[in-house]
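Chain naming follows the written order as A, B, C and D, and within any one chain the residues start at number 1.
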Amino acid sequence: MEKYLEILNYTIYGAAILLLLIGLYGALTKKSLIKIVLGLSIMDSGVHLLMISIGYLKNGTAPIFSPGHENELAKMVDPVPQALVLTAIVIGFGVTAVALALVIRLYKHHNTLRIDEIKNLKW
Amino acid sequence: MESLLMNILGAVTTFLLAFAVGMTYGGLRRKIVARVQNRYGPPFYQNFIDAFKLYSKSTAIHHGAMHFLGPAFIMVSSVVSLMFIPVLTNNQWFPNLNFQGDLIFLIYIMVFGPLGMALGAGQTGNPNSAIGVTRGLSQMVGFEIPWVMALIALMVQYKTTSITGLLDIQVQSGHWFMFENPFAFSAAILASLGMFRYSPFDIVGAPTELASGPMSENGGKFLFVMMSSGSVFAFVKLTLIVDLFMGGASNLIILVIKTFLLYMIPVTYGIVSPRYRTEQSITYFWGWPLFFGLIAIIYAVFF
Amino acid sequence: MDIINIILVIFFAGALITAFAAKISSIVQDILFIGTILATSIIFFLNINTNTETIINLSHINLTLGLTPLSLYFAFIVFGLAVLAGFYAVGQMQGKKKKGYFYFNYLLSIAAMFGILVSKDLVSFFIFWEIMTWSSYLLVIYNGENVQKTGIKYFVLSAIGAYSMLMAIVIIHSLTGSFLISDLISGFNNMSANMQILIPVLLLTGFGVKAALMPLHIWAPDAYSNAPMSYTAIFSGALSKMGIYGMVIVFLTLITKLPQETLIRDIIAWLGAITAAISTLWAIKQDDAKRLLAYSSIGQLGYIVVGVAIGTPLAMLAGLFLAFMHGVFKSTLFMVVGAIEKQTGTSNLKEVTGLIRKMPWTFIAALISIIALAGIPPLGGFVGKWMLYESLITSNHYLLVTLVFFSSTAAFLYCYKFLFGFFLGQEEKEWSHVKEAPAIMVVPMLILSLISVVLGSFPQLILKPINSALSYYSLPDTYNNLWKESMIFNKWGDQVALTPIVYGVAIVFIVFAVFLFFKNRKTSRYVTTKDISTSGEVPKEHENLTFKENFFQPFLRAVEPAMKRQMDKYMLAFAKGLEDLFDFTRRIYNGNGQTYAIYAIIFVIILLLLSNNLFS
Amino acid sequence: MVGTPVLFIVIPLLAAFIIPLTGMVWKNSVRIIPGLVLSYMLALSVSLMWHITETGTVVEVIAGWKPPIGINLVFSPFSGFLATLMIFLGLLVWAYSYKFKRNVDSEPALKYFILLMLLVTGSVGIVLTGDIFNMFVFIEIVGISGYGLTSFYTRRDSAEAAFKYLFMGSIASTFLLLAIMIIYSQLGTLNIAEIADKMPMMSNKLKVISLIFFILAIGIEAEIFPLNGWAPDVYTQAPGPIGAAFAGIVVKSAIYASVRLVYTMFDLSGALDLFIVIGLITFIVAETTALRQERLKRMLAYSSIGQMGLVMVAFGIGTKEGIFAALFLIFNHAIIKSLLFFSGSYLVYNKKNKFIKHVNGMGKYLPITSILFTIGAFAIIGLPPFAGFWSKLAILTAAADSKMLMLIAIILTVSILEAVYYLRVINRIYFFPKKKSTEAKKPTLNALIVMISLGIIIMVIGFYPDLITGIIDRAATDLMDKTGYIKDILTINN
């Protein structure tokens, strides 16, 4: 039982990577611009999840110093990935917003959302 | 001063000799050709008569400066090359300028003539003249190659480019180069066929047609100068080959015999051959003569 | 400041000022242009000194400038031609557009040539070489004809040459740690055998382009004929000599130290001879005088290359002498074409005819230069040709000499075509309005022809500087040995004395010319070229008496096999093929954003797969 | 010393917030303030450059947290050189486009100048930061402002280009984060110096994977083949000066990042060879692709990509001469390609498609612009006496010193292609008849001044390269000195 739980600890990594691959798959194969943007978002989420899970400690506590808990320093989860993820989420949000704005522009300009039909610029 | 005077005297004598011999040979050729063709033919001194007639005629028209200069250029070529060829093995008689030039120089000064003729003919504006000139120059490129190869073979074999040097070697050793390097001799002889411009290489002057070829606009004294230049030039060529291949001549009689025998080669060859077109004659010269020249050089280098 | 710097600064400043003087007035521009050339030449000729050395210090490269006897000799050619062609150019450029552009590039290319000659290190050599290339490129496309074809071809070939030179330069630097030419020479022995081959080959490729050597010559006919003639005089006369200059140095200093010396010498000499032969045939075929002369230039450069490549003292003398002579007579001929083109509006030999009485001075210049070109004694060309043949014969290159002789004999054909086409033949009405070119154009031509004549009788004028140049590169002294005053010898001691030749020719010529002239002057009268005997008939008005078409048809028919294959076509086809290939490969960028993303993923996957090999 | 490196980041970000507010009051402030900010940054960086020649690398500690815990900014001769160059170019782009869009209403112009400023700031941040996550953030800042600038014109196909850029950029950021997390999970730090210090502790496999992810992420920004599909589109569709900004600023920062990775952070031996291979492929592909381009800006874009490939090659040589050559090339390319983009935009000004054939005959109507374009083209081909020659000589010398003869041969062969397509354009400018449909637009005064000053810089560097080689030499020395970098940062005590 312990053993299975041990494996379960790593499922989070697997889930994150799976998410990443799903997003990548969507971005690379789907022809719709919206789906591509969705795929990119999912990829981002996967990475974020991965980052969080790297910083996580089993039975860890919040990385907050409070009086009387100085000896729990080793049990604190790593705060840095969390900070990073926050930043990354914000950035990802910004990028998604820009992407969607561009998608709208593209649709107005080309009257289509299929990426393989938007090929005015090539060679 | 005296030696200068003697030199000039010698030069003039050489010129007169060449003139006389060349004219005579020309006349003899006319006679022989006529006899072979079953005609009676002119007397052998006919050329002298012609020359005298041309000289005494006054020229009525000319076409400009080059018309004058062209014949002068031709004369320069034949006379200057005459000056640089030892007429006799004993150089005391006609030393002229023998030691001052060598074969390469001679080759070049000899082509000066055709170019001068070409210029003179060009000025006249007669299209036939220009056509003749282009044929002549083209043909010249043809025969110059085997000719030069023959000469190179000699120069290589005997490590000298001087005519007198080559002559001296023959005189001292007693061996004629025509036997020492027969290939070179063959190439030279075949090339000389072209030089004489007798049939089958006479498309240049086209003598059987009426007034065609480079000389068609020349008459009177122009033609006289050209004719005498031609005679001198024939002598030059013959003497040169005699000097180079046949051991030269120690006196005038031997010279005459040798040159006459030599002269008979193009003459007889011409009698039996129909006329070539220009490109045919070029390819002719780049056939066997060139091959002989090549063999001559190889022979000279390796044997 | 040093003299060399002053000259260069004057050149660059003069070029800029002249270019901008277009705003002021055309005359001022002309004056500035001539002033720049004259000032630099005067400074140069008054302060010739081979001892000074200027070093320009940059942080990691020192540019060293100074004259050597060899470069001094070439500088004579450059400056002499620059001045004469400069005056000519002023005449030719009257009333033309883009004068500032022309003058700027003209001055710049002269400056660059001077710079090449004074460079004692390879970097400055290369810098000036490239400046020369692009300034001449800009002049090649000056007329705006076929700029994409001619210009690009010239530039690409030049770039091939320059870049192989650059490659050699950086390799030399990596091996010797210095850019100085003298260090290259002294350090050459210590290099590995491969480098000893590679470096000269690369350098020779570089110089071979400018010297229009065989497979690299394809730019030359177009470039020479498309540039304005006043520049082509420089282009063919002086600029191509920069390639020769480089070759001379390579052959004198590097090749001699190689075990494969004879092989390389033979290869280059044969290339030179083949160049000469083939381009002579092509010259015969041309109907445009510019192209005819262009091909002729390539051929003449071929002779020079032969001489330089063979490299015996006599051959070197021959090559360098011919280099000078070629500069003299070929620039005259290009000037002649320029003058005719200016006066008649065309340079086509088929159209222009019978100018001898309209442009007599031009004709004299052309005649003398043609005779010099043909190498006929007693003009200067003969001296060079003689030395070339003798050197080839005495150094056992028998077939080579035959080939050279062939091309030199065949050269008579185009010589005659040139003279006949322009000056002789029928005087057609179409050209009856033509006048002699202005004096500013004619005088330089005549001066140059005079030089041809003088050098035929006094070759020592040129042989002396050549001798000192050669002895600078430790070749044996040739004075008394291969030449003495106006006598020239070969290795076997055979000689040609030019003085008796010149006297002989002159006397005979004068005697007969005078004879013909005085005997005929009174009795004969001038008649037009229409008044001729065409087989006894009087030609009618409408009859064509001009012989222009298929001028040397029989000859060309005989040599046709040699002309079937054209390097030019192969190279163009190759270039075209490459371009099409690149046009195809650029479809990698197919415009689909998703594809690009897939490329990225593939890229990562490939790297991951190869990671074991990549990062060991 | 005017200030500390942190001001490079703080001031422009602050200004970016303030400008929209001031824009409500005084419309022109939107144009002017970014210029003032950039000028201030230039002054700051120049003074810092001056300062570090005496004191050595300046390490700025932010918020009192010392490295490796806190974020730090490093102004070393190397990063300082690049930062100064970028700010200088940013200022030039600003000056050039000051009146560029006068006919556009101020609302887009507002975006334009702020985004330009942010682009510069982000790039400078990438160069100065000593922290890889910070680098990620700056890359994203550059990216987002880049997307905005690319899609600036609504009428063109700019959205398409921007979307491609964004697509690739997102993939890049994902992989960058992955790479950063791998490193963090193994070494527990984000500080470049400390990572470099601890790198031997990391297992080789993870090292390689993280490096590959880094190369992918940064390679997309650095336009290496085959990750550069977006780049030509962006160059084509962005406003002309932004093309210069991309070529001169953004790409340079990405190159910096990749170089910092390979030279400082990772100790993998094959990385430099990889650089050479990738750089060479990029160079060849880009230059051959440029050969048959029909659009001017696209041609310039491919040329720019090719030059970046060459820079990679130069870095890949790995010797000090190689780095020197690469930095020299970066400098020259920044200056020259900017000039080409600047003058090129005027040569094809009024045409939507910007075909090369639209430059036909412009030499007559736009003489100065044409001459400047010619100077730029000659310089980038590497003809002396222009600046480009010296960098070409430097890179070839470096390659020769490392005995890479094939490399020299390839570089030179491909350079011939480069010469061909530039000369084709120049020939068109001067020798082809003008098309009736095209009309010449005279450059505005500010644009002219910028272009002429760039031209003068090219000429001056060409005649006297020593003006710049000293700085570049110091920068190269600095980059080679890995232990010095680590020591500078980890032992800081202020």
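Everything below uses one rule, namely that a contact is a pair of C-beta atoms (placed from the backbone, for glycine too) under 8 Å apart; a residue touches a chain by one contact, two chains touch by 3 or more.
Fair warning: this is a prediction, and the values are worked out from it, not measured in the lab.
Undergrad: If every chain is reduced to the average of its C-alpha atoms, which one ends up farthest from chain A?
TA: Most distant chain from chain A: B.
Undergrad: Roughly how far is chain A from chain B, going centre to centre by Cα mean, in whole Å?
TA: Chain centres of chain A and chain B, defined by C-alpha means, are spaced 101 Å apart.
Undergrad: Need the CA-centroid distance for the pair chain A / chain C, whole Å please.
TA: Inter-chain centre distance comes to 69 Å.
Undergrad: At what distance in angstrom does the C-alpha mean of chain D lie from that of chain A?
TA: From the centre of chain A to the centre of chain D is 29 Å.
Undergrad: Express in whole angstrom the distance between the two chain centres, defined as the mean CA positions of chain B and chain D.
TA: Result: the chain centres lie 79 Å from each other.
Undergrad: Which residue numbers or ranges of chain B touch two or more of the other chains?
TA: none
Undergrad: Provide the list of chain C residues touching at least two other chains, using ranges where the numbers run on.
TA: Expected reply: 586, 589, 591, 593-594, 597, 601.
Undergrad: Going through chain D residue by residue, note those that touch at least 2 other chains and give them in order.
TA: 160, 163-164, 167, 171, 232-233, 289
Undergrad: Linking chains that touch, what shape results: line, ring, star, complete or other?
TA: Contact pattern: none of line, ring, star or complete.
Undergrad: By the document's touch rule, what are all the touching chain pairs in this structure?
TA: The complete list of chain pairs in contact reads A-C, A-D, B-C, C-D.
Undergrad: Tell me, which parts of chain B touch chain C in their complex?
TA: 58-66, 68-69, 71-73, 75-76, 79-80, 83, 97, 99-102, 104-105, 108-109, 111-112, 114-115, 118-119, 122-128, 130-131, 133-135, 137-138, 140-142, 144-145, 148-149, 152-153, 155-156, 159-162, 165, 209-212, 216-217, 220-222, 225, 277-279, 282-283, 286, 293, 297, 301
Undergrad: Write out the stretch or stretches of chain D touching chain A in their complex.
TA: 133, 136-137, 140, 143-144, 147-148, 151, 154, 157, 159-164, 166-167, 169-171, 173-174, 177-178, 180-181, 184-185, 190, 232-233, 236-237, 289, 293
Undergrad: Quick one: which bits of chain C touch chain A in the complex? Just the residue numbers, please.
TA: It is residues 586-587, 589-594, 597-598, 601 of chain C that touch chain A.
Undergrad: If you look only at chain D, which of its residues touch chain C in the complex?
TA: So the residues of chain D touching chain C come out as 160, 163-164, 167-168, 171, 175, 204, 207-209, 211-213, 215-216, 219-220, 226-227, 229-230, 232-233, 268-271, 273-274, 285, 288-289, 291-292, 378, 383-385, 389, 392-393, 396-397, 399-401, 403, 405, 408-409, 412-413, 415-417, 419-420, 423-424, 427, 430-432, 464-466, 469-470, 473.
Undergrad: Residues of chain C touching chain D in their complex?
TA: Residues 58-60, 123, 126-128, 130-131, 133-134, 137, 141, 144, 147-148, 151-152, 155-156, 159-160, 163-164, 166-167, 170-171, 173-174, 198, 579, 582-583, 585-586, 588-589, 591, 593-597, 599-604, 607-608, 611, 614-616.
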